[in-house]
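Structure incoming, see below.
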Amino acid sequence: MMKVGFIGLGQMGAGMAANLIKAGHQLRIYNRTPGRAAGLVAQGAGIAAGAADACLGAGAVITMLADDAAVEGVVFGEGGVIGGLGAGAVHVSMSTISVALSQRLAAAHAGAGQRFVAAPVFGRPDAAAAAKLFIVAAGAPDAVAVCSPLFEALGQKHFVIGEQPQAANLVKLSGNFLLASAIEALGEAVALIGKAGVDRRQYLDILTSTLFNAPVYKTYGALIVEEKFEPAGFAAPLGQKDIRLTLAAAENLGVPMPLASLLHDRFLALIAQGGGALDWSAIAGLAARDSGQRG
Amino acid sequence: MMKVGFIGLGQMGAGMAANLIKAGHQLRIYNRTPGRAAGLVAQGAGIAAGAADACLGAGAVITMLADDAAVEGVVFGEGGVIGGLGAGAVHVSMSTISVALSQRLAAAHAGAGQRFVAAPVFGRPDAAAAAKLFIVAAGAPDAVAVCSPLFEALGQKHFVIGEQPQAANLVKLSGNFLLASAIEALGEAVALIGKAGVDRRQYLDILTSTLFNAPVYKTYGALIVEEKFEPAGFAAPLGQKDIRLTLAAAENLGVPMPLASLLHDRFLALIAQGGGALDWSAIAGLAARDSGQRG
Amino acid sequence: MMKVGFIGLGQMGAGMAANLIKAGHQLRIYNRTPGRAAGLVAQGAGIAAGAADACLGAGAVITMLADDAAVEGVVFGEGGVIGGLGAGAVHVSMSTISVALSQRLAAAHAGAGQRFVAAPVFGRPDAAAAAKLFIVAAGAPDAVAVCSPLFEALGQKHFVIGEQPQAANLVKLSGNFLLASAIEALGEAVALIGKAGVDRRQYLDILTSTLFNAPVYKTYGALIVEEKFEPAGFAAPLGQKDIRLTLAAAENLGVPMPLASLLHDRFLALIAQGGGALDWSAIAGLAARDSGQRG
Amino acid sequence: MMKVGFIGLGQMGAGMAANLIKAGHQLRIYNRTPGRAAGLVAQGAGIAAGAADACLGAGAVITMLADDAAVEGVVFGEGGVIGGLGAGAVHVSMSTISVALSQRLAAAHAGAGQRFVAAPVFGRPDAAAAAKLFIVAAGAPDAVAVCSPLFEALGQKHFVIGEQPQAANLVKLSGNFLLASAIEALGEAVALIGKAGVDRRQYLDILTSTLFNAPVYKTYGALIVEEKFEPAGFAAPLGQKDIRLTLAAAENLGVPMPLASLLHDRFLALIAQGGGALDWSAIAGLAARDSGQRG
């Protein structure tokens, strides 16, 4: 069992922290706003006064936050993770962050005699609560080994994709790009057959009982044919952020991705027209709108 | 058991005809070139001297041909299906043809007192030979009912998508559009993580054992990470044709499909640069090439 | 002076025919609907009963029609130009038609012992009336030479671009593609600076008094900043048609044109959303709409 | 006459500084590397030891640098412009920088009791040397008024586009976007007509003597038909940067710009394939390459 700092108790983090406690780990938790901590304290977690405090005596500290800025906010500067984490301890970044920040974190922790593992996850809040996440990890083998029992408590499976932490972040971003691509493709296909008068639900049934028998087509296909984009399971601005980070990584690597560019423009249009509170699959509705099928 | 004319004995048609014979139907077969007929004759098929002759006394005639031009060639004019088919008999078009031709065929057969069903298929030659096709049919209910035993002999499942035959053609085209979209997305993603030094095979394993656990990602993902685009299972010019027909239908319906436009340009580039003999999944290699990863 | 048949008395053709009469040529005119002929008859033109009749005794017949279908309608079949035109006489096609039809016309006229010149024009109806058109001609040198005095009467300048008539049609289509590209670019730029609060008119003044001091930026820029898309000088469906013909020629030649594909999708969206009666420059308004600047 | 600091003596800045001296202004010049200063000293300029030193006693300091990083490097921190500039003096930023940095500079100078004017320029080094630049300025009216005599010494014309400095930066970026759009359009058009066998030079002559009679089509059209992309007048990475800054501004403002996205991907492909030393108009060669017209 391990002493673990846990920073970030949002929809994802709260369920993950609970699973670590359930697996017997000893947690010090910290969230910018105190809201969700109470339940975890009842389960045995200790409350930290800040990010550095959460690292006190911990073998590993996990960050599960919304974006680059939030991670930078708890890691760097006065009272941050770098200041609080002991020599040789591991920072496990499970947030979806940029490749560039991941590289910067790896360097900063190395400079402070600490270790860094990137381990972003695939899965929604319900998967986080049920310990059904998929985890993609990268980092120095000994550091990843330290994290293994944590990953086992958090997910149904974890993968190690290399020794450069940022590889895991890139894989995560590319996965969200693939999801958004399938959403866009479905959006265009449904706009096409829908305007021709074909029954949308029956169409989706055919697809998903034949070649497209996969969760992504079933889940998003259903949202699209029902036009049920609220409440957001994963909000449009988060999708936009991930495509932006994908394009930023692609630009740095020198890889043109025209389909990612198309998705970027779709998210911009969706949000500019008032769709910022919708699920990211609402980009699929733009094809129908462009074809004159809605206001 | 039914008397059936069967026109088009290519890679797909030969296997399909054999399955109909096996199921007890009495076939008169016709192919522009005599090549593949011998085996079927040995199994009991009669040889027709032409398209009209194949329709002689048949309750249904099936056409399974490469494109619009081939279908027009056997249906219209002297010695064509329309001239040979009896009153009330059904022409079952199983080729991937344009929405516009499907509408024209429906009208022409109606004018001749015949019936028309569009029933394009999903599946490669091995699925055709194994009677594992998925069949999407549309047409007047009584005409579709006539075809039911034939569909059962040819595929693992069939779907009826409406009474307008062209609806089935549109669904088929949109399915190939969705497949090509997934190929493009995979091509861009693999170019991205590959240029970053991530192991392509391991990457694909992660994808297909988590969110992308579907035949399309497994089959095409493997071709893409191995860059194994020969021999062609489905040649690039056929993919190009299907995207062109999708865009033609979309233009007639007034549905902008920017992702289909991107695919159109990809196929053009692939073929213009000498890739006309490759599998259609070779469009996935263009992202890698654009990123400077190949000659 | 020459005996000239003139077919097509629309907004463009009526002015052109008048200029030919003014230059001393002897015209036999034909229009599907009689409407505009009266004024020309008053100026000395003879009325033809049909297309073939307009060719009677003519050294050249000019067609100036809306699209491929209209040209096919007057050229082929009973009572068409091919039936009426004398041996060695020249058909001068000045309409904006497809490369494929131009090739077909060249072959058909050659087969009938006649000559064919493609000579599409740049310019709006006011330029046609003022004999200020630019004419791009292609065809056999002797046939083009026959047309020279006609071109002088019709335009401010003409260019000979080769011996294959379809080259002239391709140049014309590519010119309209370049115009539409400038419109799209302006639309996006104006949406950008406009949403930032920069004065649109002042912005346009800066552009057109510096690097973009050209008619296309002045003319279309003014329409775009004023959002004055009615009445249509050149209606959106005509723009759509020209981009479609450009893409068709590009597909046959094996040339991917992603910007043309973008324009294709813009025209589809504009018309699908009710903009079919607007000027083609209204595609520039889509960028503003996508950015949430209008309903 | 004014005391002026001048920072950045590259291809553009050296000529501009000389013109200010010629007009009678008293310059203190600074460049990171001493190279180009000698000639200006001979004309009467004083040499500054650093950025702050260049501001000593100056009514205005001009920065003319390659990119955001270079401007940040001389403005902020120890020995920077903000530390050296007197109260009420004006920093005139003439570099092509991001909208975001322009806003940050305005705030920082305001905080230090200084004034800030953004005044980017249109024109190449020869125009800078000949005092033929076009200058687009924005800032508080009194601060802009201070700069007027400087602008008169530097350019053939200047425009004031508003009181928010970043408006001028956005106009400059959008202008480069319009130029790159025209280059892309020409590249596609030339690939099209070229593959059809039409003479490229004659084609360009027709365009530029009719509707496209503007410097941008003449200058870039000539480079494109000659495929003369070396030496670079404006290198591809600078073009890429400007499109990236345009897209960044557009993203912040919520304006989807699909044509800018296409240009972004073109620059990435060009540079990834080894074209980083070419002129930015080399993106026009990609359409030809995609069509199989070159290796």
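Note that the chains are named A, B, C and D in the order they appear, and that numbering of residues resets to 1 at the start of each chain.
Here, contacts are C-beta pairs under 8 Å (C-beta built on N, C-alpha and C of every residue); 3 or more make two chains touch, one makes a residue touch a chain.
This structure is a prediction, so every number in the text was calculated from the model and none was measured.
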> Is the contact between copies chain A and chain B built from the same residues on both sides or from different ones, judged by whether over half of the numbers are shared?
Replying inline: same
> Count the touching C-beta pairs: is A-C or A-D ahead?
Replying inline: A-D
> Copy of B-C's interface among B-D, A-D or C-D, judged by over half the contact pairs being the same?
Replying inline: A-D
>> Can you compute the centre-to-centre distance for chain A and chain D, using the mean CA position of each chain? Integer Å is fine.
In response: 39
> Cα centroid separation between chain A and chain C, in whole Å?
Replying inline: 53
>> Two-or-more-chain contact residues of chain B, please, as numbers and ranges.
In response: 250, 254-258, 262, 265, 268-269, 272, 290-292
> What part of chain A is in contact with chain D in the complex they form?
Replying inline: 244, 250-251, 254-258, 261-262, 264-266, 268-269, 271-272
> For chain B, which residues are in contact with chain D within the complex?
Replying inline: 258, 265, 268-269, 272-274, 290-292
> In their complex, what parts of chain C are in touch with chain D?
Replying inline: 99, 122, 134, 136, 157, 159, 161-162, 164, 166-167, 170-171, 174-175, 177-179, 181-182, 184-186, 188-189, 191-193, 195-199, 202-203, 205-207, 209-217, 246, 249-250, 253-260, 262, 287, 290-292
